[in-house]
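Note that the chains take the letters A, B, C, D and E in the order they are written out, and that residue 1 is the start of every chain.
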Amino acid sequence: MAFAHRLFPTPIAVAAELWTLAVSGPLLTDLGKTLLRATSAFAIAMLLGTVLGIVLGRRRWLDRLFSGWLLVGLNLPAIVVAIVLYIWLGLTQLALVTAVVINKVPLVITTVREGVRSFSVDYDELAAALRLSPLRRLRLITLPQLMPFILAAARTGLSLIWKIVLVFEVLGSDGGVGYRVSIQFQFFDITGILAYTTAFILVVLAFEYGLLRPLERKVLQWRPAPA
Amino acid sequence: AETLVVGVQESGTVQWEIQTIKNLGLDTKHGLDLQIRPLADSRAGQIALQAGAVDVILSDFVWVSIQRSEGNMVTMVPHSLAVGGLMVPADSPIASVADLAGKTIAVSGSPVDKSWIILQAFYNQATSGTLSTDASARFGAPPLVNELLTTGGVDAALNFWQWNARAKVAGMTELLSVADMLETLGVAEQPPLLGWTFSDQIAATKTAAITAFLDASFEAKAVLRTDDTAWDKLTELMGASGDPALFTQLRDDYRAGIVSGYDPADTAAAEATFALLAQYGGAELVGDQTELAPGTFWEGYRK
Amino acid sequence: MAPGPGLSIDIADKRFAGAAPLLADFRLDIVPGSVVALFSPSGIGKSTLLRLIAGIDRDFIGSITIDGAPAHQAPPPGYVFQDPRLLPWLTARDNVRAASPAISAQTADAALARVGLADDATAWPHALSGGMQRRVALARAIATNPRLLLLDEPFVSLDRALVDDMHRLIANLAATSGATVIFASHQPEDASRLATRVITLAARPATIAHDLTFEHAPGRRDDATIAAYASQLATGVPHAALD
Amino acid sequence: MAFAHRLFPTPIAVAAELWTLAVSGPLLTDLGKTLLRATSAFAIAMLLGTVLGIVLGRRRWLDRLFSGWLLVGLNLPAIVVAIVLYIWLGLTQLALVTAVVINKVPLVITTVREGVRSFSVDYDELAAALRLSPLRRLRLITLPQLMPFILAAARTGLSLIWKIVLVFEVLGSDGGVGYRVSIQFQFFDITGILAYTTAFILVVLAFEYGLLRPLERKVLQWRPAPA
Amino acid sequence: MAPGPGLSIDIADKRFAGAAPLLADFRLDIVPGSVVALFSPSGIGKSTLLRLIAGIDRDFIGSITIDGAPAHQAPPPGYVFQDPRLLPWLTARDNVRAASPAISAQTADAALARVGLADDATAWPHALSGGMQRRVALARAIATNPRLLLLDEPFVSLDRALVDDMHRLIANLAATSGATVIFASHQPEDASRLATRVITLAARPATIAHDLTFEHAPGRRDDATIAAYASQLATGVPHAALD
């Protein structure tokens, strides 16, 4: 371990590097690019995955038809998806976001489908008795029951998407955190890598504590406090 | 015999030399127990070297210089001069770099790829324009770049030599090699881009083994440069079985990049190239140092 | 006001997977505006029958029409399940409002007030006692002024004073709006006070063991009439069959 | 698209390649290596993640203490984990499996914790009234309620783990599917990549339909058939 | 057999977050082997009190001891919640067996047979009618032969014949094993047949409005005694308080 000191930088060194990169380096530009890619892929994947997950959870025959393909989608290596899309759509922003969405959607579908399958028949009966319209049923019955699954998918989803974006940014892009990290890797600049990672994690923490938690508290306030 | 673990990329052209060493028994001849650890890609090599899993890897001199300035004491002995070049389709309207304006170029690697920086410098000198704004560049992995060029997705491609060899066989032509560009930019002698890389510590503790390995390496190089029969056993490794045109192309391009001797004092070409890269690529490419770090080329060996 | 719907029930076969039929060749017609009490031993099929009438369970052979329309296409009935079945993520008020988009907060609060829960509109279901939850369910069923009310043991878990109040509530509703009401119960008192008709089911597949009709409208029964009906129930319907 | 045939090989070509690679190539050895790594990492990550997820879901103060760190763990790029562990533990099997577990455990924890939080207080009261021992409580109350979340974590987990194994195999191993695919990528051997991918997906399909589904049917037979 | 435990309840304050206290300075001693009926209007605190006695809810100020031990450290009581609260992923038999690892399949089936569900041991809860689910819950509570039985409205949703059976079952249990029983109810009949003591709660915070003790042991009451007790309840306890 000849190089240990450089490989395990102190938190202070990382913070200093973070500051330098933010003030006079490309960090904010890179972070912006990556965040744009990650959030748009996140939004699309969550929406699409939730809708398809609900449909597959509800309709047995559709599930029987597609569950095998879902497994294929789940297990397709990122690199295969990236190659195909980069060749189809060129090395563009659209190809990157599409590739990320394709990678993430099966995960959301799987989680949401499991949630829909666990629904209580009781509330379905209630919906039938009240003749709820599809939209009211979604709002009053489906989504509240799905909440824990959607939260799980969202929490794990953002982190996964960011990791996939990193991979794709390395394979073909001209900026972003993944791209920069791969350059830093060539310098074996662990301090820089950790500075970038920290910057992203700060964003995620802000998202978690600034948005997700308050939202969660509001949405889940009905739950009795556990003993 | 002393043991030396060399990490080599399984798909790399470096395998041809290693295989020749094995074929001719050059390792045992020099009293060396040569062990090969296959690696998936260059990042794996760097990790393996830092983790101490291998003693020697193949790397470029810019990386070695950066590591040295950062305090990672590694050093190298040249292995290859081969460089990439700018490829265009046979019937391309692009006749000189000036024609690149308004075109789409696929570049293997990233915006701080060394060849891309040199092409930008060359373009700047030829037209006094800025290539990155005049043309639109797309960055991707080498095979992806070749694919985009051959399918017409881009107008030109900047790629590594072994990929260009394949493109040539597929009917593309090399408009300009990186060596040509460097020459115009004032680096007359070709810099040794790739070299056998090891830590100072290994150099000190396993000097005999390193020396034996380098001897074997240079001997193999000599054979590969002159002896056609040595190549026959490499056809499959080159991925050229059943494709004599590709075989010949790869062999000839490889020969053009073989390093024939080594004098640690003669680092002018590398220094000039480094300065050029520092000027045009900036800190993103070379780090904070603008000059080749002293000791980048190992003083303990000469040929 | 328009009177409640008339029902025509004709079930050739209703069974659950792997079990003997619960209902077979079961026929029952109910005239508009009746208040029908359903009695039977536990597990005979009261809840199942109510679910079929509500159009919740459509997996049977036969037909159930409500004013001529198939059960599941008829307007939504006011339904009280055997359990409270509140949506735990909605307050009492919003549970009532879930019954229909047409129910305003005021209407919901008024319905809650009618079941004695004026102060609990913003409580979550888990913070309500068992009896309070059942009353929210009742408020949800009546809030839409439905023309058909289907109540599955609506008066259990309530103290006697509340049961009296709820009896009055349903009787008023039936009297003023002419709604058709069908309720399952185990308490003869519920029937003698509320019902215009009492049906007892027995055996498997369920058959109609007794079918009694009372003359006086529920709203206009004095204590003597109620006592008379109660004794009629006790004698006319043998004890075991009554429940 | 002159090279269409090479980039988008027919299923028959892929099947033929699969057969060749299996019979006379390194496919079975590679697949064996990868499966061993993936399954051991999967088992460890599921077990560890479920236990920690239950604990964090139950104990508010522990969750408050660690939920930030969980987010850090979720968002740590694979490459950072890989470098640190490879340099610490060498290019060993142990380092690889540990790195994969570190990458996956936060995901399982997050999903399971969301599940535990969604538990009904009713059954907790029942457990208290019956004075269930921790073990019986786990078996009778916790695990059955967690089932949908564990299934979601298992289904998505295996696929994620295999993808992470691929990445780590590229960075530091001398065999396995990831290692081979990255070499095939360098030759742009899409047929080979798809053959390897197909081989793995076949294994996953076998796992899903041979093991997971029958198990699921048994465990979830209590659920009423949806209307 | 050892008689059931004696209870000493002394609750200084029990309230739910953000609400007025439900119980304050509430004192009640129960002698071993009593069968106590709890009456009150809906929402006064019967279920809460039973949960406190069972040691399920430990968030209160004061002390509840069962034969001297704090409630939550006392041996597990037989408990029937106000809802059936079966574990949906276990069959009826396994729900009964969940009460204790000591219960064999035979014991569980015997307990089910005592509540009239001999044929339903392998049924899932969702396939049982409301009354059947409640009886499984009752079977689960008695299967361990507990020395303390806490029953929250155990006899609702059952037909009259079944209620009689269940009365007999509990009376027998109390008589033969001497178990202490506390049950919440809204039916005076439950008390006149079963109870040795009747307590009615009223107001908030809940106070003991009436505390009646009956002389005859439940098992040995003839119809005349029961009628006498019923009238005693009707007169001794004003209607509104009785509920």
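Brief remarks on what is shown
The rule is short, and it goes like this: a residue touches a chain if its C-beta (ideal position, glycine included) is under 8 Å from a C-beta of that chain, and two chains touch if they have at least 3 such contacts.
Remember, predicted model here, so these are calculated numbers, not experimental data.
Chains that touch both chain A and chain B are the following: D. Comparing mean CA positions across the assembly, the chain most remote from chain E is B. If each chain is reduced to the centroid of its CA atoms, chain A and chain D end up 16 Å from each other. Centre to centre, using the average C-alpha position, chain B and chain D are separated by 38 Å. Centres computed as Cα averages put chain B at a distance of 85 Å from chain C. Computed centre separation for the pair chain A/chain E is 51 angstrom, with centres defined by C-alpha atoms.
Residue positions of chain B with contacts to 2 or more other chains are 43, 50, 52, 141, 144, 147, 151. The set of chain E residues that touch two or more partner chains comprises 83, 126-127. Listed for chain A are residues 1, 7, 83, 87, 121, 125, 128, 185, 223-224, 227, each touching two or more other chains. Looking at the complex, you find that chain A touches chain D at residues 1, 4, 7-8, 58, 60, 68, 71-72, 74-80, 83-84, 87, 106-107, 110-111, 114-115, 117-119, 121, 124-125, 128, 147-149, 151-152, 155-156, 158-160, 162-163, 166-167, 181, 185, 190, 193-194, 197, 200-201, 204-205, 208, 220, 223-224, 226-227.
Taken together, the chain E residues at the contact with chain C in this complex read 16, 39-43, 46-47, 82-83, 127-132, 135, 152-153, 156-163, 186, 239-240, 242-243. The touching residues of chain A, counted against chain B in their complex, run 1-3, 5-7, 83, 86-87, 90-91, 171-175, 179, 182-183, 185-189. Put simply, chain B touches chain D in their complex at residues 10-11, 37-41, 43-44, 47-48, 50-53, 141-144, 146-147, 150-151, 239. Those residues of chain E that touch chain D in the shared complex are 51, 54-56, 72, 75-77, 79, 81, 83, 85, 87-91, 98-101, 124-127.
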